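Same chain, two partners: chain A is paired with chain B first, then with chain C.
Showing the complex of A and B:
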């Protein structure tokens, strides 16, 4: 509380910003610290973890999940969730691969654009269900998770597209590097920076946070809530579509089961990255770092020869640790705000 | 002055199911005029506001903008037309900064994206204009209700609207802040803005407004120039009958000490607070908004922990930070923030009333729905609650009626010590007297009452003793005989030493 009535005018304080920024940074710094520890320890035990090839693999593994995590963040910020991304990735990967295999000579950029459009269309279906028909996102996207996968199976009819069926120009997208950095990682990085900038600097970006923070107030503020939620789902779908092509280019062998279950990795990355699952706060940078951390752990455990089953448990433990950390930080901030306000008043 | 109104309603009605919230109401807002909207709790004031702001669509009737009929499909349309609204309940985004809250959807733009610096500067400027000290970068989460209300006011002002609608903006503010707000409102009036003002405090309407429209049970009663009527006329129009003045407390003899607070300190919030409340006594805790009164109440009740000191109820020390222990000892707290602390908004009226006293409703291992309903019915009648069905969720009730449900919930427990935080905030004149009568009656039956109130007439009329807090410390204890507006205000503003 501010005892506004009793004090002469004073220059407005500046501590709140620093505090809030600090927390956001602490969150991301925390992940960086965890990454540093992970690389330090694993590298000390087995130096092959720090070789160029190993690091390159980690970046490649991160790229696709990070891109999906960036898209998912857009949706989660609005207090929704999209479980169907893995199916969209599957549909896009198989669809793209099939077109490339059946039509030699088709322009690759056209195929990529088509896959992105396909993803966006899937996102639009989710957006309509959630934004317009008011179906809770959890249920709606669980439904489309199965529906999109079903379409994928129907189209595939048990077929599998192999690397040999696809043009080399396409496959090289998945393996090429620019200045030693895998192209796919660069694409993901570009997406991350663009989306991150938009969320921070565009009105529409800020409105996504507002919607997740207090949906009723967003309506009263005159925000086009439905349209924004639609847009978040469409953007997420488009990124999933792009991730699908990347998948096909990277792995070369594609069937109808591609990316099954990946949605959980994506959501885990988002949560570990500090995006509030009830909307309103979090950044895409955090989500991408979360994806990087999870991918690094998976690689590290492989290098350390830890049982694959234990990996799942470790990911789970990490999730819980992230949530506990968030809780503690929130309490600290509340206490700090309280104390600061009082001291400033007196 | 009889030119075309900037914004007008003509023959507007709105029903929610069977509840006819607004019936055939007409209202004209003129440029350069502050128009008051008066009526009891549930009279339909907020519903009318929401029709003007495009939240609700009228079932019948028209909205006229500069004399021409318009349709508002949503709040965005009304904003486009130059209507800014301060809603009764704050509508903030807790995760975003105060600045972003003010400018959401209309952030100033630079060549590339939002111009944060300009936005922050405008927010700081607004706060200076309102005379408040808020950090523009602070998140809205955790703001006191008064500060939330101030942010709402800043938000509405920043729209530079032609029509400014304020639904009980002063309910949570103290005198000084109200004066500031009125200063700003009068300046806007001079600039030709049309204002609509809602308050349950008659003196505020008479100070600020030129015209007043009265509603009763959703229906239009009268529209008068303020200069032509007296406060008594207005009350008669609102209530439809004569009303006794503020209810003075009956004389009771104070019994033994029921609540004893010793050197209570919560670091950074309040320091070294000691006082006693005896059975049959009403003790008021006065002070400015932000002096730490509600915080003391929360700590005593065990919601917040304290760092030093002790609390005793009927001679037994309370376990710190345990509302359960406090309740078991016979303590009750009617909190100031009804939406967040007092009610489960989605539960029914009867459930909410039953919540605090579930033990009394047990028949064997189960809760008796019948007893629950009976209790809710009793209290609904006593507090003149306006509702459709007891099974309706409380979030469809009007603001004042929600407050009544909170009161009923705690009064129904028959506590031995009750702490009421701003018991009549947002409550209409008729029921206010009723609440005062209830508190007095409670004291008469030997309950110790600690009443936090920012309304001086209420404090002076009700309290046997007045404790005054200033900046987290108890600075004065004034007996009923010596308590005057001057003595209490002097202590509250820190002009006397304890």
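Showing the complex of A and C:
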């Protein structure tokens, strides 16, 4: 009798333990829950939100910010921040579009590579300022935010590159689908998986977390802090450069003001995705999901016929709700873990 | 590092010159204020509608910014007009759209004893003291595209009235959808003054009986941001599956909406119109996403401004309400209230005429 009585109890305890483990390990579950709620409610009100076309639009809307969020995560993990990404995107988008418009014969892959290199160069400037000159990242990248945009204005001189000026082969990159999934979303996904794997499995990836957790200890542990921070900024810049080309291909109309103000969306996505703003923890998967959540909220509000003037406020409120939900979940898990440790100790 | 120091130095110099420019203009203000009324009084005395246009008039165009394609076209239109009536037109101006930088150009034009200055003001007030000085020296001042304060110029050539723009956009869309169906507006920001004025006239136009089968279901705001305009367009199409057309009275909005529609199953089915430039929308007109859209013709704007300047300099008009003058191929124009001359209805661009325009 006693045996049959204790057995089910142990099973439920194991089940609960497994759930706690899962939530503790997969911090992104909170965001997934918020996403599920958003899609459920919006889909119930307007089923067209869940159609293939709509989901495809949302993926496309997410792709560019998600890629920027992945890059930003690399920098934020090291206890730094890069505010200049929007200007790098603008510079790369206009530079790429200009080259394509003025030299129709240039191979498209070359233009893309050039834009990535341009972005990496901008990232290197940030990296030198922060890593070598020890300027606080907030100040340094605020400066380059204006500097890069200024270069963009000077190069553009009021000019606008229009869809008709760019080759169709390039523009179709922004709209083409492979196996039903938009190409841009696939590119973002590939970047996400590669960077996610590197952060998790490579020594250099783990060192970024170490630097963000405790910079002094990282130095003492023999980590080449300066070189790692530099690398994080360069990688982020390169991704911003790639995002710039994607921007040009997607929107087709490019002037010097492209992506102005987008750095805040990117940082919001990173923070919503559970990446600690003071470094040391968080994953690129969370950041990408954060970007997906932000894009989905905007799309949902547009579909739900919410009053346009109230949209921004509701957008902010939903964002806070998502963060609170995520935080509550995290606290409950922490409490459960404490309880369990107490039980185990006894 | 060397380069950065140079740029810093340059920036400092620019700031200093800007400050000096501001200083001189301020000290000039009082001097000008006393002389300007006398000048206007003198000129308003002698309006002779039958006076012939003088030959060899020197007319200078001072746009907000040179190397801006829009102004290049407008000013070339004006220079062409000047050739027609035997005058001499030229374009001068700053390379940045900066209020104070136009002042030094006005001063130079005064010294060159131009007969007329045609200006698009970067700031309605900053250029007024210098323009008053010009008028005191007998130079006629016409503002175009962007007005100065009324005491800085004789005539303002307005490219399009808010009422015309609002009403004609509704007319344009109504034609495309057969005066029937749900329509939406994709505007700039919720507090964009121009767009809100146009939208009021659109709503007023829709009250007319011929639009009884058309319903404005939503005004969406794309904030003149590509991404937001995309998302709002998607939202309109999803939440109103039977939407017949969209009016986007902003160049950013219409380009984004066109780009989205061109790659969606709604292409050609949901009509899109609004305000845009031919270069920006050429591709979408050709691929059938947009049937027709509108904007004023900048070349005509420059052309009319040149004739207005010549009529002023020849004494045909003084800028008072009700005076008439002829503007070459564009016909006769009447000066309206507050010295405004209206270019006329906006030009409609479609696949038949879009290749005639490059701006």
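Quick notes on this structure:
To be clear about the criterion, the second predicted complex is superposed on the first by the 282 of 346 C-alpha atoms of A that agree within 3 Å, B and C clash if a C-alpha of one lies under 4 Å from a C-alpha of the other, contacts with A are read in each partner's own complex, and residues count from 1 in each chain.
Methods note: a contact is a pair of C-beta atoms (placed from the backbone, for glycine too) under 8 Å apart; a residue touches a chain by one contact, two chains touch by 3 or more.
Keep in mind it's a predicted model, so treat the numbers as computed, not measured.
A count of residues in chain A touched by chain B and by chain C gives the higher number to B. In the superposition on chain A, contact is made by A:219 with chain B only, not with chain C. Applying the stated contact rule after C-alpha superposition, one finds that A:134 touches neither chain B nor chain C. In the superposition on chain A, A:251 makes contact with chain C only, not with chain B. Those residues of chain A whose C-beta lies close enough to touch chain B in the complex are 1-7, 9-10, 12-18, 20, 197, 200-203, 206-207, 209-210, 212-214, 216-224, 276, 280-281, 334, 337-339, 342-346.
Note for the complex: chain C touches chain A at residues 65, 67-69, 95, 97, 190, 218-221, 225-228, 230-232, 234-236, 238-239, 241, 252, 255-256, 259, 263-265, 279-284, 286. By the touch rule above, chain A contacts chain C in their complex via residues 46, 48-49, 53-54, 57, 61, 64, 157-160, 162-165, 175, 247, 250-253, 258, 261-262, 295, 298-299, 301-305, 308-309, 311. Residue ranges on chain B touching chain A, taken from their complex, read 53, 55, 74-76, 78-79, 85, 87, 91-98, 100, 104-105, 107, 109, 112-114, 124, 127-128, 131-139, 142, 144, 146-147, 150, 174-177, 267-269, 288-292, 295, 470-472, 493-494.
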